[in-house]
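Just so it is clear, A, B, C and D label the chains in written order, and each chain counts residues from 1 on its own.
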Amino acid sequence: MTRKIIIDTDPGIDDAAALAVALNDPQLDVLMLSTVAGNVNLSYTTENAKKILDFFAKDIPIAQGNRAPLLVEYEDASEIHGETGLNGYQFPVSKRVVLREHAVIAMKNKILQSAEKVTLVAIGPLTNLALLLNMYPEVKTKIAELIIMGGSTAGGNTNSAAEFNFKVDPHAAQIVLQSGVPLTIFGLNVTSRARLKLQDINQIKTFGRTGAMLYDLFSHYRGGDFAAGLMIHDLCTIVYLLQPELFTLQYTHVEVATTGPAAGTLIADLQNRYCKSANANLAVDIAAAEFADWVKAKFSELT
Amino acid sequence: MTRKIIIDTDPGIDDAAALAVALNDPQLDVLMLSTVAGNVNLSYTTENAKKILDFFAKDIPIAQGNRAPLLVEYEDASEIHGETGLNGYQFPVSKRVVLREHAVIAMKNKILQSAEKVTLVAIGPLTNLALLLNMYPEVKTKIAELIIMGGSTAGGNTNSAAEFNFKVDPHAAQIVLQSGVPLTIFGLNVTSRARLKLQDINQIKTFGRTGAMLYDLFSHYRGGDFAAGLMIHDLCTIVYLLQPELFTLQYTHVEVATTGPAAGTLIADLQNRYCKSANANLAVDIAAAEFADWVKAKFSELT
Amino acid sequence: MTRKIIIDTDPGIDDAAALAVALNDPQLDVLMLSTVAGNVNLSYTTENAKKILDFFAKDIPIAQGNRAPLLVEYEDASEIHGETGLNGYQFPVSKRVVLREHAVIAMKNKILQSAEKVTLVAIGPLTNLALLLNMYPEVKTKIAELIIMGGSTAGGNTNSAAEFNFKVDPHAAQIVLQSGVPLTIFGLNVTSRARLKLQDINQIKTFGRTGAMLYDLFSHYRGGDFAAGLMIHDLCTIVYLLQPELFTLQYTHVEVATTGPAAGTLIADLQNRYCKSANANLAVDIAAAEFADWVKAKFSELT
Amino acid sequence: MTRKIIIDTDPGIDDAAALAVALNDPQLDVLMLSTVAGNVNLSYTTENAKKILDFFAKDIPIAQGNRAPLLVEYEDASEIHGETGLNGYQFPVSKRVVLREHAVIAMKNKILQSAEKVTLVAIGPLTNLALLLNMYPEVKTKIAELIIMGGSTAGGNTNSAAEFNFKVDPHAAQIVLQSGVPLTIFGLNVTSRARLKLQDINQIKTFGRTGAMLYDLFSHYRGGDFAAGLMIHDLCTIVYLLQPELFTLQYTHVEVATTGPAAGTLIADLQNRYCKSANANLAVDIAAAEFADWVKAKFSELT
């Protein structure tokens, strides 16, 4: 049985890897993509998402979301992903047209129109998702699960405390975490162990045009290094959908600091020390070697 | 040449290990101990410090510090260290008398009276140190270095963000971090790798009365487990004084969140992304195997 | 020349008074009403707005906005306005139908479709306006002015610091204040002096069916007392549009606390002590007697 | 029966007026003065307090307190009180010697040595008092009452929200408010109505050397203007001790924001809306005319 999903994304190199798998797996029915300002600005992330859909020749609607976070000033991560977010590969300019509606409206419509519950996958800052859940609470009962790449229980990648996606829009993250929808969260504690090693990446290069494309992107990515292995954070969300047994989850209370020097920091009550009610399945472990094997096998299937 | 030091402590099992080394090394001249509420309450930490001084028959002054944090309500860690903080070993009741002055006053006096600069070692919540630096800024030029066990750049041990010593008194931590004195900080990212393994501990048991005492304490400690190794957090500060080359430090900007759900979380700008001026040497790596060897050798010398 | 306006409202008794004037003044062209959760919940505020449009037989579109604030839990003010918000008068049940779109979308469309710039009047919590300005920044250049009832420079009406509209959704207030659109703000420091006295109200009772309706509402209102005079906060925004010389404004920097015990508190740098750039015209004085006279005269014209 | 009091002060012109009354009233036994950084820096406030003691030839101990707030950077109010804090009158240089101990220690000793409970009067930032109550909780049962000038329920005098004494050290204010000692608080809502009018001040000028001194100080004070009347904030605390019936108090819950843009803002739950337990008697009204008369009469008695 296929699972209907919507992916909210800010491509971004690891987004590209996640989309490569998601768009091509028969178990996943991608209803639409939505874009958000994150790794690079909204114009770039939208163009990038269009190019990836073109690359895989997918006729899937795409909607443009928010240009900026809710309250804080936008900061990008172009020092990691390159100026355009996908600098490593020469995609043709896309003629694809985005939906007229803001991504929040488009998502709302797709969800309410779907006969089945929809799974949301959020692999950028949570601005669009926060707006969706806040403005249209009627979608909540139609959401099977919201799977997030964001946060960390083992230190951040902006400052030492906060992970990038949550730091870009901490208020959005907190709106989503307290929304009451079923949440599954992959933070840096797990995603930074979702690595491809030098030999993996060299092998991927040989996997046809998709492998070559990903190889070129990975070669320009500074989220790790070839020696220690590249961290393909966002890919965890899609792999979890297809191979959930690779991850260990803990149902726990999570929230996000919205102000002060730790803004954007995830706080998880992993030891149930503060007796707050659990609101998310938080990934706490990954079978890292099996993950890399599974991903490589998957990439080898893509043409 | 000996180094004059004052140790502010909340024994606590790892404090006991740190004190065992510090009190017996000829390179360190321990001018006084001060106690603070932390792992267990102030009455217990003071009794424990007295007992440790008795155990090693050291005629060193001891002063009692603050019974509670500056603003937040006190929470202990007796679930880790046992009700009294040193439950594992039967120390005789101590007849030792504490100084009449509050630890803050006693530290101030000791520092100002010392001909040489004094090194402060803080291995509990930073309440006393914050009061000292705030009330008596004239001591700052007499402080060679303030060496702290606290914070983390890789997740906390209370909730997933905040380390215990900083969480107990986040305002005190922030006062100390912004005080302008030379700081060296050992957070969980390093101290949780400062482990003794099962075979190490079993060996320590055979090292005479001190080894037996430490073995008994370690056997009641829940800061890790025998299989994975016990984390002797506080000991890093003393080992650093005696064997600094075991650690890698990074000079960086650090601060602490004082309010909100992330209160007590250290924020270090390790990538110099936010362009704030550096104010601390933060430990970022430890030669873990050499650390364990060095500690074992040290413990074997104690009678 | 008429001024095109959109009113975002949470009726509420003082909202009703503001709408009575706005809907009937030839200088104002009310393009639409939008409703928000505030004095009472969204269902009540929407029903109330419909009833007021019915009462004045106005064919003006009405859209329903957000059911809850962005991040904080919703608290109403039914202890001031009565359970339904307009308990004092028996309005017939309305058959009016609200627009299908969320108020944020409806406002965006109205603004972008208007040939002239539009003036927004916000007399409830700022949730809808914050969403509008955040999701659709392209409307900003089409907004002539955003006139707000909210905040205070002289103490609050929830706790002693925060005014109700800003307290209900402090994050929305801060989004609006930092949005860059031309802002004019009427806080409690001025609106609590916008009072109708006992004799005024008794006179209003005699002004035909509108006067009788307002009298009945005022009689159930606990925003002041008949002896000291009723505070008709929201009315200030509409009176300002028609008779701006009754108010003194100061162009100053304003922001809102979003977290902590002072959440929802307006902070205005009235003495330019903190050298932040001005972002709002803040009302600092009112010609209170002339205000009451003008309002009475206005009410006497309504049939 | 006389009341034993300690006054913690940052003179300051209104401090001088308060001290003039307190030092000369037979009902008050001033055990000591302590000084704090506030209106002007600690060196100035200490010199000023010495000069006032000299002026009245009082043999009362004086101790110097904290040079800076607990966490935030110190900001003075020299634009209100003049560079030295008492610029208007030429006091002779004082040869008086301050106590060797920090004010916090001196206060602690005085309180514990007193047979009777002591009343504390705090008319500057609360830094010293916070340190006292935090370091020496054993004094709490010996404190009859802590009377504070600080905060406001009707807008601030720094920005529009925060009063100066609480803004200078918001953390100290919060430590004191949550300390559990009996608190009586005079905020700007009342103290800004404690005014002396032009004719009052002109009369005071004629009251001998004390009147002439106060007149000279008032002439240099920018806390109001002669036409509208000078606000003698700090004096309320002393008048309350001697003539409590001039004030109306409400027992209520109070706290202070410590971070964010509203830092230093008092939050009082005057309507008991948030159901927190009361911890202070907060002044909510003053018999302003009687206050002025009483003060004038009092000043006329001083030689």
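The working rule: contacts are C-beta pairs under 8 Å (C-beta built on N, C-alpha and C of every residue); 3 or more make two chains touch, one makes a residue touch a chain.
Fair warning: this is a prediction, and the values are worked out from it, not measured in the lab.
Engineer: Which chain pair shares more contacting C-beta pairs: B-D, or A-B?
Structural biologist: A-B
Engineer: Based on the averaged CA atom positions, which chain is farthest from chain C?
Structural biologist: B
Engineer: Taking the mean of the C-alpha atoms as each chain's centre, how many Å separate chain A from chain B?
Structural biologist: 40
Engineer: In chain B, which residues are in touch with two or more of the other chains?
Structural biologist: If we look for residues of chain B contacting two or more partner chains, we find 258-260.
Engineer: For the complex, which residues does chain B have touching chain C?
Structural biologist: 259-260
Engineer: Name, in rising order, each residue of chain A that touches chain C in their complex.
Structural biologist: Touch residues, chain A against chain C: 66-68, 70-71, 102, 104-105, 130-131, 134-137, 171, 174-175, 178, 258-259.
Engineer: In their shared complex, at which residues does chain A touch chain B?
Structural biologist: For this pair, the touching residues of chain A are 152-155, 158-162, 189, 255-262, 265-271, 273-274.
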